[in-house]
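Take a look at the structures below.
Both complexes shown next keep chain A, but they swap its partner, so chain B is in the first and chain C is in the second.
The block that comes next holds the complex of A and B.
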């Protein structure tokens, strides 16, 4: 009797929970589950809206031609390079700065917090505009400086080897604050008594960093880095669009930009959908990676 | 001595973070000829670029479009994400960890793969050339993040108050509106800030669904100022400043809440 009532109360709770989450889940199914299915379906057709609205079933032909296309590997390499290089720079500089800034307090902390939040919260388009204003061959401020100080100019945006680095530098300006803020929060949460004990034992600052701070922060390192790298890989678009639009040549062609161009500039829908399927598979691997790291470190 | 080094680094970092924006502001006041000349020469400040923005480049319209989109996205995201965050964190839903994995997947996915399907959905609903496409795109970006933040925020709220209210004979929904919702207010504020800021600056979906129409949002309008033939440097800088002002105000006023949101986000 008692048990039966408890069970029905449990079911009622379960129903309330599902009811509360239902609008969100319905929206997510519309926004994600259906689109993923749509990409799979379309990937088996040839459809170029410039030519006609007729679609022809071609089996795996789209897959075969993408796997043989150097554009595909180029975009994958560029996107991976962008994600790894910018996150590595942001991580290292962010860690050093967080360690150096950990004693800041009060109003100064407020000034720092605001100054860090501004670039991080700006639009990716503003990030691109800043990149143009600083690095453009016509009016770029950086070249004006290097020219007057050292007498050299760099082809920041126009050189195939430098263009991606330029985007990485601009992104480091914008996203470095993420690591500084996360690391600062982690350092502040280190138990004070452990720090005092090490001080009493006469440990140097470097020893404290090596034996207390770094081990304590490992989970934060792992989770924050993986999350930022995934974000950098999957979301890079606006900054490239404004600074180089994938060029010069294909030097900064990244996966989101390639899919955008195929879908909405070239109207190669079958091909764009197949790229979408590959991007979906990559996303799945990234999710698995994130869950693995999170389980391992928390 | 050690303290001094701390503050010296702080000052350098703040200058480093702010100088690109300050330089953008300087350029936005420079006459076109001075922009193309040596960068540090003195110049007569002008407001011509800002005036051009609203005349020639239709920025008033862009601001209006961006505000409408951001407000619609906020009006959907906040209630939907708060209810879901509460439901998923507090109730014994079977397989809830799989639902959370699905939401995480939605947050991590490459958003560009949604372009074609969302275009089809909008076309089927007869909503092409309305803000619907942009709003759906923004929701796909904001909603998973907002739900995950609300879920981890709700997990950290004290359970006892709700249970007391429940025992006092409040229904589950009464408990939600009268007790839980006020407790969630700080979390909702954080989600609101991120959602507004994100929508205000979003580019991928905005450029995909409103490139050639009167629905262009600010970021799309800004991207059109660097054409292959001519770059409107002064207007580009001025529009960058204009678009940054709300973000700068929000960051200065609320950076503490936002830092908290970033930590809740993973």
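The block that comes next holds the complex of A and C.
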């Protein structure tokens, strides 16, 4: 009887919470749900603003066209490669740096930690400009350095294979702090008594990492990786736009750049919306993975 | 454990209070409907309850603010100097410039057209944008405000007029114009030892290239790395398309992706189109390292100014830079020639660019009137001269300005004027298609070149691949 009353009271309280959050939720619906539905709606039309502001219903033609377009698969492959490579690189380097930072005590941890965070707060365009200054074939600092030391230069942004890796490296520099921040917070939260117990048992640092830190951090690994993968897949734009503009040729052509070109350079809104739908579907799969992982590990 | 029990008690206590209120009686579906309803009402309100436009002022306001939209870049930005001067002379007129990157500026223009916002009073409008903006109702004809417009037009070269006039109306009075040309090193091309060596190797006289084969031969001849390269292909997609492939290359072969616009067919993969791609791929061998990521602004212009290129195909605009001893190692050593063509007969010079101030058709009447007064002031010879002496507007559209001794001494425009007058064969009117669909095959054109350079395709295969893509774009546009 007492339990049933408590459950009923809890449900009512939940409804009250929803009601109180209603204004914010309404705003979310307005700002997120409406554009998504409008994008779906637009994907069934031909609307080329340079030609006319009138739209024509064409059913699934935009979808058929994209699915038959080899450029779509090329951009999709490039975007996937970027997301996988950048997340993997950021994960590994982020973990190592977080482990090292966790060993530093006192004010230096704060200073170093804050310094490492700076790139994450820069805009994508600045990230791209920094990338150009580092990797440009003419003024790039990296090649100037390697040439003066070893007499060699690398085709960082001029080679088909290396150009995407260069984009990955620049993005890793910017987004590494995301992993460091999350991993460091997780490492710091590991109970001290467990560490002490392992010390008493004579465990080496590597053994502590292998048998304590990594198992303890598995949920954090999973959640951070999926979150960052969503971000990497959907937001790789500014750095590509500034450094390579998708080139050489189509070597670094990515889905957001193609949507940008269709929507805001050619103003073919129907096609752009359809590309957006595909990007949305892929993001949805990644979000579903995120929710699954979160439920599984927390 | 104690903490948990305490929390439960708080829950139960609050629940009891809630039971008495109506809040607790609302079911979850009703809540969801409420939330969506609030969102929909907010959206509909925002959509339909737009503030009404203010009624037109019966008298001219004491202060007028002219909002100016332009792309970031030397030509549109040089107008800011004119604004300052005009405001000093006319304190009742102020300017509110919105200088923004090209893509953003284009989006803002499109918003003005589709939503009739009236945010801007004046634009810096490129020649290729003028008539589609007029068709879309974005800009007003200037002859509505400027009575004796023919007195301005008679000072312009004839080929400019087709880009600014329609149905008897003039929509822009450009302050400058521009075209493509081949810069070349006169000290190399006129050197007797070089001439002799060239003739011995290729069997004909050395001259600035007029055909594609000559282009390849001269580029090969002058390639002496790392200090000198024969030419520099633009690898960055947009620069490649606008400088070498789409605009000048195809036209110089008499080809166009818009040749059969009605039937969505392109003619770029015939013999001449394939030869063009072969030529450009061959020229990459004589281009400096890093060409794949190069464009005019960040690569080729600097290399030519440093004296590392024997030839450089680009718009006229860097000419004043090449004549500036502080920025150039090739002062007095630069000549200009035509765009090489499939044959000697040409056509050799194609694309035309330029721009000027236009008046928004959506802004208020007094603002438009004030904008017209500013344009009339801007077009006065003394103000045109001042703009020309900035070196950013090359070549001034008003040809009289070029006869001014100061301007002539500063810009040294004679080689270009002679080139245009004697060799400029085809100036075609820039069109809406330039803005629209070409953006959708710029990267693919660069990829076609790369496929040949990487050995993945022959020139014919690459041309077919590109043609297939272009025709798909055209079909889906229709």
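Heads up, the rule we're going with is that the second predicted complex is superposed on the first by the 277 of 298 C-alpha atoms of A that agree within 3 Å, B and C clash if a C-alpha of one lies under 4 Å from a C-alpha of the other, contacts with A are read in each partner's own complex, and residues count from 1 in each chain.
In this text, a contact is a pair of C-beta atoms (placed from the backbone, for glycine too) under 8 Å apart; a residue touches a chain by one contact, two chains touch by 3 or more.
Only a predicted model underlies this, so the values are computations on that prediction, with no experimental measurement involved.
Undergrad: So, does A:276 touch the first partner chain B, the second partner chain C, both, or neither?
TA: It touches chain B, and chain C stays clear.
Undergrad: On the A-aligned overlay, A:155 touches which partner chain: chain B = first, chain C = second, or both, or neither?
TA: After superposition on chain A, A:155 lies in contact with chain C alone.
Undergrad: Now for A:50: first (chain B), second (chain C), both, or neither, which partner does it touch?
TA: A:50 sits against chain C, while chain B stays out of touch.
Undergrad: First (chain B), second (chain C), both or neither: which does A:94 touch?
TA: Touch status of A:94: no partner.
Undergrad: Scan A:10 for contacts with chain B and chain C and give back first, second, both or neither.
TA: In the superposition, A:10 contacts both chain B and chain C.
Undergrad: Is the number of chain A residues in contact higher for chain B or for chain C?
TA: B
Undergrad: Look at A:25 in the shared chain and tell me whether it touches chain B only, chain C only, both, or neither; answer first, second, both or neither.
TA: Both partners, chain B and chain C.
Undergrad: Identify the overlap between the chain B-contacting and the chain C-contacting residues of chain A.
TA: Chain A residues touching both partners: 10, 13, 16, 18-19, 23, 25, 27, 30, 34, 136, 138, 260, 264.
Undergrad: Chain A touches which residues of chain C in the complex?
TA: 8, 11-12, 14-16, 18-19, 23-24, 26-28, 31, 34-36, 38-39, 42-43, 103, 106-107, 110, 113-114, 132, 235-238, 289-294, 298-299, 302, 432, 435-437, 439-440, 443-444, 446-451, 454, 469, 472, 476-477
Undergrad: Which of the residues in chain A end up touching chain B in this complex?
TA: 10, 13-14, 16-21, 23-25, 27-28, 30-32, 34-36, 38-39, 42, 97, 100-101, 103-104, 108, 110-119, 121-126, 128-130, 132-134, 136, 138-139, 141, 144, 173, 177-178, 181-182, 185, 223-224, 227, 230, 234-235, 237-238, 241-242, 255-257, 259-260, 263-264, 269, 272-273, 275-276, 279-280, 282-284, 286-287, 290-291, 294
Undergrad: Quick check on the complex: what are the chain A residues that touch chain C?
TA: 5-6, 8-10, 12-13, 15-16, 18-19, 22-23, 25-27, 29-30, 33-34, 46, 48-51, 53, 61, 65, 69, 71, 136-138, 153, 155, 157-160, 244-251, 253, 260-262, 264-268, 271
Undergrad: Residues of chain B touching chain A in their complex?
TA: 2-3, 5-7, 9-10, 13-14, 16-18, 20-21, 23-24, 27, 35-36, 38-40, 76, 79-81, 83-84, 86-88, 90-94, 96, 99, 101-106, 108-121, 136, 139-140, 143-144, 147, 172, 197, 200-204, 207-208, 211, 219, 222-223, 226, 231, 233, 236-237, 239-240, 243-244, 247-248, 250-252, 255-256, 258-259, 262-263, 266
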